[in-house]
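This report concerns only the one structure given below.
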Amino acid sequence: MRHLSPLARREARLALALLLPTLLIVLSIVVVPVLANFWISFKPVELGDLRPPEPVAREQIRKRPQQPGEELVLRYNLRGSNPTKAIAGVRLHDQLPAGLTPQNLDARCSVEGPNLTCDLGDWEPGFRERLTLRFVADASYLDAGIEPTETPVQLQGDAENILTSFTFTLDNYRRIFNDPDFWPVLRVTFLYTLFGTLGSLFLGLFAAQLMHQNFRGRGFLRGLFLFPYVSPVIAVSFAWVFLLNPFSGTLNALGLKLGLLSEPLNLFGQRVAQVDLLGLSLDFPVALTTVIVFESWRYFPLAFLFILARFQAIPQEMYEAARVDGASPLQQFYYITLPQLVGILSVMFLLRFIWTFNKFDDIFLLTGGNAGTRTLTVNVYEQGFALANLGAGSAVSVVIFAVLALFLLVYFRYAPQGDDHA
Amino acid sequence: MKSLQHWMLAGALAALSAVSAQAADIRFWTTEEQPERLARQEAMAESFKSKTGIEVEVIPITEKDLGTRTTAAFAAGDLPDVIYHTLQYVLPWAEAGILDGEAATDVVYDLKKQTFAPGALGMASFGGGYAAVPVDGWTQMIVYRQDLFERNGLQPPTTYAAIEAAIQKLHEPPNMYGFVAATKVDENFMSQVLEHVLLANGIHPVDANGNIRIDDQKMVEALEFYKVLADASPAGDLYWQQSRELYFAGKAAMIIWSPFILDELAGLRDSAPPTINSDPTTRELAQKTGVVTTFAGPSNPEGAAWADMRYFGITSDADTEKAMAFVKYCMDEGYMNTLAIAPEGKFPVRRGTPEDPNKFVRGWAELPVGVDRKAPLQDLYPTTVINSIVAGLETASRWGVKEGQLSAASKVINSQVINRRVREFIDGERDAQATVALIRQDLERL
Amino acid sequence: MREARWVPALGGLMGGFAASIAALIWGLAALFSGMDSVPLPLTAAALAGGFAGALSVFRGVSVPWPQGLLPAWLAGAGLFLILTGFVPWAFSPEQQPLWLGLGTLLVPGTAALMARLGLRGLPLQVLDRNLLETLLIRTLRAVGLLFFTTIVAFPFYFMVVTSLKSQMSLLANPIDLSLSLEAGWGELFRAYSEVWTTFKFRQFVWISTFVSLTTVVITLTLSILGAYAVARLRFPGRAWMARSILLIYMFPAIVLVIPLYSVFSQLGLRDSLVGLLIVYPASTLPVALYMLKGYFTNLPAELEEAGLMDGCSRLGVIWRITLPLSLPAIASVGLYVFMIAWNEFLFAFMFLDDPSIFTLPRGMVSLNSSEVPRQYLMAGAVMVTVPVMVLFFWFEKYLVSGLTAGSVKG
């Protein structure tokens, strides 16, 4: 900034101030977490390890004095919150009500006024102890009627926080690459991404063709066609699951009734079906196809909107000229419309490809990643949460990140400059 | 950071004060989340409050998510105070430090140890005390169409061979499926059914030293048998829902289910009606139904039953005194209400009070079952059926109980490794021998 | 004008096709209304429709043949009845006279109408490639419209109807999508009242509204400032910034989940609305900034310069000049952000455990547990969907421009 004029410097400072909140929030919630995956993926961290081990005490009165001079027995049941982790330098602190005199106080403890402090030293993993303290109560204690359990016990101790420590491992990567499911998951991810993208583009192109003409009710239909896209995925996915339910779903019942099906199809639950084609027996991935169809259905409106906008920008004169030259409607489509669409179609393809690749909600809600529909994104959830291994989940995230970086490279290489595709 | 966070929290709370509920004294997670059952539990919390002034928030948790959510809550340090959970979590959670075994032990001793069924207590025994307080239990059953079996001269499904013979005779899809197996790997239901089938052939994957021990021949027999069941089932991911729907539609000859099915099977629940005829309140299907709790594989002639136990766990983040008071209330004064949530699937494991040692068993037998209509079990089913269900609880077993390795066995179950490999075997990815080898290898890695 | 001989043949062809489709739709409609009607007499319908279609476009000269739609219509209906032996549908005429009559009239009627419309305004002198292709395209267009309307509307129709039925009737006959008013309005909407009260959706609606609106406010405030800076102010790294904005919103949310989950857990932000209110603006900010930047760049800079001359500060210029000028753009960005926040599922699902702070999508997941009857879930689905739909239709113009401008995150 040194070579800027004072005015320009002021302007830059202002720009920075205006951008600062956005930058901070995006940096801390998006950029840093993406990078943090690299860190976590090298750590042996499971879901339960997120809680730093801490000392826990339960305070109980084992014996209550009835008369002055009688004994009060107080017990602390002590343990570490995580039985597999050690805790160092544990100190216990509690407040005692007035009128209690300690008897044979444990050597680690001391009482100063109302304050009880115990220096409990280092705890091994799985440490447990019952610390029993005896007091003699006098009349003032009985009069006040306040019991020692009414004040909370405070404990301090040092333990390793797995997230910030410097313990590293390659186990997570070993684990995910050695998983026999890894390559199938990758394959499913690409099939899903490719065909989901193509399906939604194809439907969108078709729908845009239909709408590129004036007729009554066109505005309404255009709004309607956007429904699958704007409505919450949680609602439409449940509707689809019920609609296609093999035993009590409408479509299967209809197919059986009309004689189109001999047995109900479990479209979201069946991994493969044998299809006989020209004497060849093929394994047809049923559930994967169904989620691809869902994906195409849900996202065609987006392609539809963009392609329609592009259609309307094609000058009518071109068609008139073609008509004069005697071009038939299909020839007009092939020679005039399609070339005009190539740009938007390829940009849409790249964008949709990346977003479909990123998609998690849809498959998770439709099949939970079962029946041969587990994609990389679902695998992050599976590893990190279903199997409670955060490190392995992060390692999958890193794989996603790597693949994505490749796509983005392609995108920025081939996307039109100036971001004017919209 | 801390103060900023508090400041933000305060801001949000102020903004939300219109919608957020008041924080209760203790939070209770329950897997009994059907609305009717939830309402009963809320009523119980209400009566507990009027007695003690302690407010209990009843929070339903889907059983499938319970493991993940609990671990997550533990990680974040905001566990609820009391969790109602199944046997499979008792020891793993105690070892992970999620459950406060001392509090549970105190409850058991306060209520008097001898009033509990010893088996249920034994399964929760941990570090000289108990990891959780046993609440109720049920035995898994093969529910079958007695009418069809009799008409075709078939033996009741008490052995692998009898079941295979029945499938041979009765399987005529899509109008009648011989069986509805469990094939959805991430459902607890599949673990339960598989454990039952494997137990029936005498397979106990964990030995007394906590090592993996799988007998090849027994395991291959069980796998081949399960494949027969799966082949006689519809395609796709199946769990309790499809089993019940198909059986209720009169399209399945045998299913495996819990006794919770007994009320809806008799047309007492509108949200799960029998559809075998046009009358959703029909008792016809119930009368055509027989049940078996113990069945046997070729290598284990005496067979086995499978039972599930449910426990109240007091967590290590709990407000211990209040949580203990609540659990005691539910197990004592409120115990009949606890069982009444669904008596057909909640057999009492606390039999009575020290003064009246059979109080709860007696009371339970008279509780009416059903949701939209109610009737006592003995009005709906022949005495023989009821007796065979209850008798199952005495002989029922689980992996690891006999060996004293329940914790290791629970880990085997919770990993769902067996489910996954069995499903792959059913789908034809590899043969039985290879599957056994792979299961052994996977389990040893745990 | 005299038409060529082959025109009735074309009309017949189109009529036959239209009649088959009409028969198919009518049969399905009858099935969905709980009738027991199969199989469909498609051949008969096609023949009758072809006849009606041919008649409707035939204007012969030698024979005094009746002209126009109505006679063709009636003739087609008559032929239809004869061909099917007076029982065109599998259900008996005594039971469903209404369906029977309507069907008999509708099938040839549609055929005649379609044949007329299909041939309207075409140069019918020469039968050439041009004419045939135009016909083909018209047919495809009609079929396509029908197809798209069906695939888009049917799942939503199914959702609404399912929510109004009982589990019993759903299981008894899954094809029957008709509604019964016999039990009264209260019974019809029972699933809604149950979901609204017993399952606490009333509360979830408030929370979702609160979360979404707060997200909109935060995102708009920050993105207006940021977008203005990128669009108007010169600073080092500006071009780079404009590009990386887009880059950021190509990252999948799932990649953020594990790190955010870990850190939020340790900070105590996980199971809280504050956590969501940090994450939602962060995930919508790049898009909003990008959309607004595009709009601001196209605003004439002269007005702002005039404002600056008059002694306004930059913020004052933004507030008094830029904002009023770009209200439509801000509205569309706001709607779009609202939609994203309202529909958001992943973070709500991962972060929220406490039912007293569930958003609607999270509440839906918890509703989808073991034993909740299907109509409750669908009632919940309708409740989540309706607000978005209403907003969408109300402000369609803005939203569509928002969707196109932002090339929305999928």
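Letters A, B and C mark the chains as written, and numbering starts fresh at 1 in each.
We take it that a contact is a pair of C-beta atoms (placed from the backbone, for glycine too) under 8 Å apart; a residue touches a chain by one contact, two chains touch by 3 or more.
These numbers come from a predicted model, not from an experiment.
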| item | value |
| --- | --- |
| Pair with more cross-chain C-beta pairs in contact, given A-C and A-B | A-C |
| Centre-most chain, if every chain is reduced to its averaged C-alpha atoms | A |
| Gap in Å, rounded to a whole number, between the CA centres of chain C and chain B | 42 |
| Whole-Å separation of chain centres (CA-atom averages), chain A against chain B | 30 |
| Interface hub residues of chain C, defined as touching at least two other chains | 171, 265-266 |
| Sequence positions of chain A contacting 2 or more other chains | 50-51, 248, 385 |
| Multi-chain contact residues (two or more partners), chain B | 72, 75-77, 245, 249 |
| Footprint of chain A on chain B - complex, ascending | 68, 71-72, 74-77, 95-97, 100, 102-103, 127, 173-174, 184-186, 234-238, 242, 245-246, 249, 316, 320-321, 427 |
| In the complex, chain B residues that touch chain C | 1, 5, 8-9, 12, 15-16, 18-21, 33-35, 39, 59-60, 62-63, 69, 72-73, 75-78, 240, 245, 248-249, 270-273, 275, 278, 280 |
| Contacting residues of chain C [partner chain A, same complex] | 28, 31, 38-39, 129-130, 133-134, 137, 141, 144-145, 148-149, 151-153, 155-156, 158-159, 162, 170-171, 173-175, 177, 222-223, 225-226, 228-230, 233-236, 238, 241-243, 246-248, 250-263, 265-266, 278-279, 281-283, 285-286, 289, 294, 314, 339, 342-343, 345-346, 350, 360-361, 364-365, 368, 374, 377-378, 380-382, 384-385, 388-389, 392-393, 396, 399-400, 403-410 |
| Chain C partner contacts - residues on chain A that touch it in the complex | 1, 4, 8, 11-12, 14-16, 18-19, 21-23, 25-26, 28-34, 36-37, 40, 45, 50-52, 161, 163, 206-207, 209-210, 213, 221, 223-236, 238-240, 242-243, 245, 248-250, 252-254, 257-259, 297, 299, 302, 305-306, 309, 326, 328-330, 351-352, 354-361, 365, 377, 380-381, 384-385, 390, 393-394, 397, 400-401, 404, 408, 411, 419, 421-422 |
| Residue ranges of chain A in contact with chain B within the complex | 47-51, 56, 58, 77, 79-83, 128, 149, 246-248, 256, 262-266, 268-273, 368, 370-371, 385-386, 388 |
